[in-house]
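Same chain, two partners: chain A is paired with chain B first, then with chain C.
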Partner chain A sequence: MAIMQFEEKTVDSLTVGDFALFTKTVSETDITLYAGISADFAPVHMNEPFGQGTRFGGRVAHPMLTGAMVGGAIFRLLSPGSYPIKREFQMEAPVYPGDTVTIRAEVAALDRDKKTVSVQFEAYNQKRELVLCGTSLEGMDLMDAEINRRE
Partner chain B sequence: MKELELKEAEKTVESIPMGQKAYFSKTVTEGDVALFAGITGAFEPLSMNQEFAEKTSGLSRRVQTMLLATYTWPVSTQIASPGAVTIAQESTFLKPVKIGDTITAVGEVTKKILEKKIVIVRTTCYNQEGEMVMDGSVVELMRVH
Partner chain C sequence: MSLEGIVLKEITDICPGDVAWFSKTVTEADIMMFAQLSGDYAPQHVSAEFGKTMMYGSRIAHGMLTAGLICPVLNRLCGDGSVTYSQEIKFKSAVLLNDTVTVRGEVTGVNPEENKVMIDVVCRKQGTGPEDRPLILATFVQKLEILPFEK
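Showing the complex of A and B:
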């Protein structure tokens, strides 16, 4: 058997209030690559003159790009034993290319019977303004899978 | 002489018909998964570690769920852009998607709130076998200025 070590994170090893952070500057490259993999070429993200004509005063990053960075924080909080069941978020303020976004993901509730974790997350920019908030329901029974027990 | 039109007309909550649909299909490749991990920091071992994925789920590496949620964007953009800003999104993940699967995202306008200039698009994703792998919705605010 190959050597593979993972810190065992389970619904029992977590406590309400545990949190993880993930910070990253949202670069021009991120936006270009993100448009390429998502096929979202909406002008508010990709067309500078159009962006300048909007109330944002310039192009803004795709909301889903910031929304997806939540995965960076939840990964640090729960991985490797978790998988998302349901995620929802809402945008509070725009993220501009070059902004540095910090995601904070916190364990809000634990269901030890169903082996699920409710995670509450927020994203802040470098001015500490809230740009996004939401919740995620994560399954934590991955490591109990039948195939895992057979090992 | 007529001036050359190079600017797409902006859409409004009134101009988008209820029930309007949009489709987007894409094969999810290895490259998508690697780029997505680099952009978002989501290095979930289920997506990035073949050994781990096989041991825990019996499946090969799966696509990050949020990459799947990403495919709802091109359909909501087709329906509402230009002229829209996305303000909220939710998705429920029903089945794992493997690298190499072909995903079809379907968007449908299910609700309009005229006074708030809001359009709600139900977004679903299907794999090549026609199984629904994701169900959710996107809230578009039809006000960019």
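Showing the complex of A and C:
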């Protein structure tokens, strides 16, 4: 068995207020690949004339793609050793192809007995407009034998 | 513009009890593309060696990848003129490499004043039934509001 080179993060190594940032330009490629992964080919994401006819005035990225990028920030904040238990979020504004999205994920609360972390996250575009916000409850005992997701 | 192939639903077309399904096998291509899109390179997703050390004996898919498979179901229930307003996703169990995920969405409520549709979602893997632990339990609120143009 190979020796793992990972230094696992734990609830005890975290402090409320710890945060991580993840920034990425959402490209046409991202939208196309995400449509392939999720099978979400809704015209508001894939069809430019349709997008122009909507109140967005153009094609927009999948909200769940921005939601996926939250994982990029939480990965930087908590991994390795974390996994999501519950995630809630709300879209505040559309993300257009070419927009640069920055996710900020911050430790809002720690439960040292249950080994869980509450993470608050926000996503902003390059104009510093809020595009998405929400909370995630993360388990920190990925490598423990009993990984069954708890509520 | 042409609306050929586009399914537009009015709020009166959607009823509590409406059900839609979607099913997909989650492959390595999905997981690696999702890691690139989201920036989440946590070892439980991208390292086969790390996967062997977990109780599953395998790499697992990103939770938000599985959650993304809900979108085709939302599109089928609400048509192409809807966007997600808010969502709550509970991750109950892990998706292993090459698992087949089946998503079932059911309309639980319709709010004609606000053009909102409430949907309960359950995701299961192959070989599991209602008595087994699901992969994901989620609630979504979809809004029918993106279409100012003439139909």
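In this text, the second predicted complex is superposed on the first by the 140 of 151 C-alpha atoms of A that agree within 3 Å, B and C clash if a C-alpha of one lies under 4 Å from a C-alpha of the other, contacts with A are read in each partner's own complex, and residues count from 1 in each chain.
The working rule: a contact is a pair of C-beta atoms (placed from the backbone, for glycine too) under 8 Å apart; a residue touches a chain by one contact, two chains touch by 3 or more.
This one's a predicted model, so the numbers in the text were calculated from it and none came from an experiment.
Enquirer: Consider chain A as the common anchor and indicate whether chain B and chain C clash or fit when overlaid.
Expert: clash
Enquirer: Indicate the residue numbers of chain A shared between its chain B interface and its chain C interface, in ascending order.
Expert: 2, 4, 6, 22, 24, 30, 33-34, 36-40, 42-44, 50, 53-56, 62-65, 67-75, 79-80, 83-91, 142-143, 145, 147-148, 151
Enquirer: Mind pulling up the chain A residues that touch chain C in the complex?
Expert: It comes out as residues 1-2, 4, 6, 22, 24, 30, 33-34, 36-40, 42-44, 47, 49-50, 52-56, 62-65, 67-76, 79-80, 82-91, 142-143, 145, 147-149, 151.
Enquirer: Taking the complex as given, what residues does chain C use to touch chain A?
Expert: Touching chain A: residues 1-3, 6, 22, 24, 30, 33-34, 36-44, 49-50, 52-56, 62-65, 67-69, 71-72, 75, 80-81, 83-94, 133, 145-149 of chain C.
Enquirer: Taking the touch rule as given, give the residues of chain A at its contact with chain B in the complex, in rising order.
Expert: 2, 4, 6, 22, 24, 30, 33-34, 36-44, 50, 53-56, 62-65, 67-75, 79-80, 83-91, 142-143, 145, 147-148, 151
Enquirer: For chain B, which residues are in contact with chain A within the complex?
Expert: 8, 24, 26, 32, 35-36, 38-46, 49, 51-52, 54-58, 64-67, 69-71, 73-74, 77, 81-82, 84-93, 136, 139, 143-145
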